[in-house]
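Below is the structure I would like to discuss, written out as structure tokens.
Per-chain residue numbering starts at 1, and chain names A, B and C are given in the order in which the chains are listed.
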Amino acid sequence: MSAPFYKYGLFNDEVSLIVAVFIGLGFGFFLERAGFGNGRKLAAQFYFTDMTVLKVMFTAIVTAMVGVYYLSIFGFLDLSLVYVTPTNLVPQITGGLILGIGFVIGGYCPGTACVSASTGRYDGWAYVAGLFAGILFFGEVFHLFEKFYTSTAMGKVTLPQLFHLPYGLMVFLVCIMALGAFAAAEWGEKKMAAKKED
Amino acid sequence: MKWYESFRKMSLNHKLALALFLFGFIALFAGDPYGGARTEINTKEMALIVEKQVDHVSAVELADWIIKNRADYRLVDLRTEKEFAEYAIPTAENIPLTGLTDAGLQRNEKIILYSEGGIHSAQAWFLLKAKGYKSVYMLFGGLDEWKDQVLFPTQPENPSPEQLAVFAKAKEVSKYFGGTPQTGAESAVTRPQSAMPKLSLPTGGVGTQRPRAKKKEGC
Amino acid sequence: MTSPQQADGFAPKPYWNPYLSGIGLGLVLLAAFVIMGRGLGASGAFSSVVAYGVQKVAPEHANANAFYAEYLGDGTANPLKDWLVFEVIGVFLGGFISGKIGNRVKGKIEKGPRISSRSRLIYAFLGGGLMAIGAKLARGCTSGQALTGGALLNLGSWAFMISVFIGGYAFAYIMRRQWT
């Protein structure tokens, strides 16, 4: 048996949509478990009082990264068939900055807003409405900065390719980085809690 | 078991951290994940495929696919660039044998190989099969067969009505690809003079029926 | 507000250990890679809905627009019959199920004590709008880029992720009245 199943034709498009619902179900479930339906918890990340966002995000990234790595090493998953979004460096950095600002203003990101809305938060619904408006705006003015949007196209580039490092070494480095970030986050939370009590 | 005791006393978070470190550490020595799904070469199975010839596509079949503009396959020409420039089967892309595994062929694609005769494509077939490519086929008889069957089909001597019908169709196909059907006894003589058709049909494997990527797979 | 009151069985339960939720999330992402050969996403689904809506209102306009066209495809299939749209439907359901189990489904507004509900809703709307623009420019949001691309060691995703944190922290002070 070879993965990705869909790309090896184990099931058709119709079935893939059912799979989508179940994947989304798991996604939404764990987002809510983590507390990501709550804008206050998410925004607290940017005030150093609650580092849950960083912890959950990095844990998810390293879990999937390690999983993908070993499944490929064992020959179960063909990594070259897993879609990697091509890089357009400058627009992506710009988008990231705008998105970060939007995050601290709105309190959610698109995925967490869905969870927030479905658990009854009105600010979640307002945010979702904002998302629609923002995309409509983007679509309407797209032609004005289409050139910028497609600039600095680098194709499919991974960090190991960029740094000319073995993939396994990069996996190790990211793991170490994550562990460092977790330790710093735990330490920072304790510091902030102590400061609050003063 | 002192280390076991101390492991048991660790908090859950620390256990997880330790596990992550170990996974990362082993990755240092485990190699590159982009090798694709590893396949045990099942020599018996491969021998069976060879014996039963299910790995073959005939020239007539392929011609039919091209005419129907089918695009669910990739046609790979293994010959040299120069030979490819002179003539290639429409829709083919030129990938030399040495560049085969880094030419961007996907393991879930239907790949049809051809060379001048059949030897190179057979070798390439084994190469790809061993690398875990699922559906690899060879053009039976290679370009030679393509010329005989598609470009310059020869009318059989004293044809039966069925054979005539087949040949009538072959003539149509041949004309589509710019070939010259050979009729009668003079065929053996005229054939060397029959010029290879100019490349009028697009090469490069882009059939119009290729299901257009509906949209990007990302967000 | 989230502190569990032992006496009240209907009080919201505490959230999970973040590392366990993270592992859960990571396994869902891994499942998406293995089953589908693609990662998670969210903003793409909203784009499909917007593109569909614009096409319904002004078909010519939508088809002429390169951005919408990407989500409308070749016209052979309904743009809403899209993987991400169905995935996001799942996100709504999954969030609701988890919220129900944790007694956390409640109609209310999440905000700091120093801001009015009205202002908070306006900020949420604006933030959503800004986020959408950023996500489209970056070709994905926190799910499609940070999580998915992060796990695949995609250069653009890591650059994106770092700039999200920079943007957030840079603007946090200005927005402090909303949250603290």
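General observations
We adopt the following convention: contacts are C-beta pairs under 8 Å (C-beta built on N, C-alpha and C of every residue); 3 or more make two chains touch, one makes a residue touch a chain.
It should be emphasised that the depicted structure is a prediction, and the values quoted were computed from it without experimental measurement.
Chain-to-chain contact here is organised exhaustively, every possible pair of chains being in touch.
Averaging the CA coordinates per chain and comparing them to the mean over all protein CA atoms picks out A as nearest. Separating the centre of chain A from that of chain B, both taken as means of CA atoms, is a distance of 37 Å. Averaging C-alpha coordinates per chain places the centre of chain A 9 Å away from that of chain C.
Work out the mean CA point of chain B and of chain C, and you get 41 Å between them. Residue numbers of chain C whose C-beta contacts span two or more other chains: 19-20, 23, 38-39, 42-43, 47, 84, 135, 139-141, 143-145, 148. Each of residues 3, 7, 62, 68, 76-77, 81, 83, 85, 167, 171, 174, 182 in chain A touches at least two other chains. Chain contacts: chain B has residues 13, 216-219 touching two or more partner chains.
By the touch criterion given at the top, residues 2, 15-16, 18-40, 42-43, 46-47, 49-51, 54, 65-68, 81, 83-99, 102, 104-112, 117, 120-172, 175-176, 178-180 of chain C touch chain A in their complex.
Every residue of chain A that touches chain C in the complex is listed here, in rising order: 3-7, 16-35, 37-41, 43-47, 49, 52, 55-65, 67-68, 71, 76-77, 81-89, 91-124, 126-140, 142-143, 146, 149, 154, 156-162, 167, 170-171, 174, 182.
Residue ranges of chain A in contact with chain B, taken from their complex: 2-3, 7-9, 62, 66, 68-70, 72-81, 83, 85, 166-169, 171-176, 178-179, 182, 186. Against chain C, in their complex, chain B makes its touches with residues 12-13, 16, 212, 214-219. Listed in rising order, the residues of chain C touching chain B in the complex are 17, 19-20, 23, 38-39, 41-44, 47, 70-74, 77, 82, 84, 135, 139-141, 143-145, 148.
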